[in-house]
Amino acid sequence: MTRETLELFEVFVRPRRGLDHKHVGSLHAQDHAQALEYARDCYTRRGEGVSIWVVRSTDICASQEEDVESFIDPSEDKPYRLATYYRLPDPVDNM
Amino acid sequence: MGGNSDQAELERQFQQRIDDDIKIEPKDWMPDAYRENLIRQISQHAHSEVIGMQPEGNYITRAPSLRRKLILLSKVQDEAGHGLYLYSASETLGISRLELIEALQSGAAKYASIFNYPTQTWGDVGAIGWLVDGAAICNQVSLQRTSYGPYARGMIRICKEESFHQRQGYEIMLALARGSDEQRQMAQDSLNRFYWPALMMFGPHDGESAHSAQSMRWKIKRETNDALRQKFIDQTVPQIEFLGLDHPDRDISWNESRGHYDHGEIDWHEFYSVINGNGHCNRQRLQHHIRAHQEGEWVRDALAAYQEKQRQRDCQDPD
Amino acid sequence: MIDRQDSDDILAYAVRLGDDALVLGQRISEWVSNGPFLEEDIAYANVALDFLGRARMYYRYAADLARDGRDEDHFAYRRNEREFTNLLIYELPRGDFAFSQVRQLFVDLYNTGFLAGLGTSEDPQLAAIAAKTAKETRYHLRRSREWVLRLGDGTRESHSRTQKAVNELWGYTHELFDVDPLEQRLAARGVAVDNRMLRPAWYQAVSRVLDEATLEIPGDDWAVRGGRDGYHTESLGHLLTELQYIHRCYPGCCW
C-alpha cells in the first residue's frame, strides 16, 4: 500500500559569492527540479545562500571507512606538502 | 572466538574515539546498540518536531494580529524544517523516512508527550513558545556536542533557528501580562497549565531513566535529565517574576549553598498517565498525522506516475 | 495632484488588494501540517507567508492614507462579510490538493500580469509593493505550474481530481478581469491596472499549461461575480469567524 515513492537528494548551498558550496542536509523529492525548489524552501528560509546544488544521494560515490588506511592515511607522512613544514628566517615573516 | 575478539577490539576503538571527542560519521563502524539508540533518539526528536506543529498550528488561522499570524506561521514552518533536518540525520543511519513514519503512526516510536496537551487559549501559544521551546532549547544546546556528526550538525542548525521561537513566545506572554485583566488571567492560566508539563519534558529522574547511563557513555546525551531540568528551572524564575505572574510552584526557593532553586516534586503519576494515552490529544495527534499522510497518497502516487511518463518520453525522444 | 477623491479611491483599492491577499493567505495557511509530505508543507507555508505579508503591505498603505487611527489589524479583523471586497476565487475553501494548486495556478498567472501592470502605477507606493511581490509571484507560478502538470498528467485519479478542480474554479475566473467604476477612475489616472487588458495573455498562458497537463478548458457557460461589491459566497463568513475570533473577543487589546 504505502511505499517510498520520493527519492533522497543531498543539498549543497553556497552561502555567499566567493565561497564553496557546502553540504547542508538532505530532502525527499521526485526529481531534480522539484528537489531544487524544496531545497530553496527547506534550507534557505533565512537567506542562507546564493546558489544551491542538489544531487541524488544514490549518485554520490564515497570513500569507504575500511579503505581509510590505504586511501587517506598515506598522505599523513608527507608533511613537506604543508606550509608549516618550512621554517622561514625571521626577517621574512610572511610568505 | 576470533570474531568475538575482533568485535571487542572494534568496540574498544569505538569507545576510545568517543572518549577522545572524535565525532562518529555515517560510514564509520558502530555498535548495533549505538545505532539503534541513535535512531530511537533522533527519530523521537524528529517526530516531536512534526507532531509539535499541531498544537501551535491550531492557532495559525486565529492569531489575534497579522504580525502574530506571520510569526506563528514561520515558527510552525520551522518546526517542519527541523523535523526534516532530523529525519535527514536519521536516514544517514540506514533507515528510511517511510519506516520512521510507520513507526510513529503505529505507536512504536514516541514523540514528546508535551504535545498531547491541548492548546485552549492564545496564551497557550505564548506558553509553548516560552516554556516548551525553552525547555527544548536547554536540551538541544547540550546536544550540539553529541557524538554523532549528522545529529550534532542538525542540532547546531536547529539551535540557530530556534533562538527566535522562545523569544516570540515570551513576547506573547509579555503583551498579555501588560494587557487587560482578562489577558493577564489568560497568561497566568497558561503558565499554570504548561509549567509542570514543561519540566516533565526533561524526562524521569536520572536514576529512573531507561537509556540515560549508556547514552551518556556514548555521548549521545551530554547532560543528565536532572541537570538540564535544574538549568531550566533556574532560568525561568526571573522570567516569571518579570512578567509579574505567580510562580506555579509554591515550593520554589533559592538555595544559597547549592546555587540553585529548590523546587517542589513533579507529579510523575500525571507524566506516565499522559504518556500512556490519557492526555487530551494523544489520539487526535496521531489521527491527524495519519489522515494527512493518507490524503497525500494520491499526490505522491501522481508524482511517481508523472516521472515514469517523463522517463518513457525521454527514451522515445532522446533529444 | 492627488485630491481627496483620489485618496479615498486609492485607499479602497489598497484595501481590496489587501483583502485578496489576506483571504488567500489564510486559506493556504490551513494546509500547514496537512500537506502530502513534509517538504511540501514547508514550501507551501512560504507561499502563505508571502500572501499574508502582502496583505500587511496593502493594509498599511491604506492606514497611511486613512489617517484616522485605523491600522492594518483594523482592516483585517474589524470588518464583516459585506465589507470585505476580495474576489470570490480567493475565499473558496481549500478543497483537496488539486483544487488548491489549480486555484494557485489561476491566480499566480493573473498576478503575473496584474503586478507587472501595477509596477508601472503612477502611485509610487503601489508600484513599490508590486515590484517586491512580482518576484514572489514568479516563484509561486513556477510551483503551481509544475504541480498542475504533475497532477494533471499523473495517475488517473490525480487527473480526474485536477480536471474537476479546473471545472469547479473556472466560473470564478471571469471576475478577475472585471473593472468597476472605482478601478476605471483610477486606471484613467494611471494608478490602477485595467484588468480587462489582462485576460488574453492569461487565457493563453492557462491554455498552454492545461494543454500540457492533458486537461481541458471548460466552457464559459457560468460565471459568479460580486466580490468587489462585498457580495460573497457563504464560505467567507466562516473564514472571517475563525480569523477574527480572538481579536473580536477582547476588543481594544494589544497582542
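Letters A, B and C mark the chains in the order given here, with residues in each chain numbered from 1 onward.
Heads up, the rule we're going with is that contacts are C-beta pairs under 8 Å (C-beta built on N, C-alpha and C of every residue); 3 or more make two chains touch, one makes a residue touch a chain.
On a predicted model such as this, the values are computed, not experimentally measured, just so you know.
**Student:** With chain centres set to the mean of the C-alpha atoms, which chain is at the far end from subunit C?
**Tutor:** Max centre-to-centre separation from subunit C belongs to A.
**Student:** Which chain would you call central, comparing Cα centres to the global Cα centre?
**Tutor:** Chain B is the most central one.
**Student:** I'd like the Å distance between the centres of subunit A and subunit C, where a centre is the mean of that chain's Cα atoms.
**Tutor:** For subunit A versus subunit C, the centre distance works out to 40 Å.
**Student:** Nearest whole angstrom, what separates the Cα centre of subunit A from the Cα centre of subunit B?
**Tutor:** Here subunit A and subunit B have centroids separated by 27 Å.
**Student:** Could you please state the distance in Å, as a whole number, between where the Cα atoms of subunit B are centred and where those of subunit C are centred?
**Tutor:** 36
**Student:** Two or more other chains touching the same residue: where does that happen in subunit B?
**Tutor:** 74, 77, 81, 84, 297, 300-301, 303, 306
**Student:** Out of subunit A, which residues touch more than one other chain, so two or more?
**Tutor:** Expected reply: 6, 27-28, 30, 34, 42, 45.
**Student:** Going by the touch rule set out above, which residues of subunit C reach two or more other chains?
**Tutor:** Each of 37-39, 42, 46, 150 in subunit C touches at least two other chains.
**Student:** Which of the residues in subunit B end up touching subunit A in this complex?
**Tutor:** 27-29, 74, 77-78, 81, 84-85, 88, 91, 96-98, 102, 154, 157, 161, 293, 297, 300-301, 303-304, 306-307, 310
**Student:** What residues of subunit C sit close enough to touch subunit B in their complex?
**Tutor:** Those residues of subunit C that touch subunit B are 22, 26, 29-30, 32-39, 41-42, 45-46, 48-49, 52-53, 55-56, 59, 72-73, 76-77, 96-97, 149-151, 153-155, 157-158, 161, 242-243, 245-247, 250, 252-255.
**Student:** Help me check something: in the complex, which residues belonging to subunit B touch subunit C?
**Tutor:** Going through subunit B, the ones touching subunit C are 50, 53-54, 57, 60-70, 73-74, 76-77, 80-81, 83-84, 87, 122, 172, 175, 178-180, 182-183, 288, 292, 295-303, 305-306, 309.
**Student:** Which part of subunit A faces subunit B closely enough to touch in the complex?
**Tutor:** 2-6, 8, 24-28, 30-31, 34, 42, 45-46, 62, 64-65
**Student:** Using the touch definition up top, name the residues of subunit A that touch subunit C in the complex.
**Tutor:** The contact residues of subunit A facing subunit C are 6, 27-30, 33-34, 37-38, 41-42, 45.
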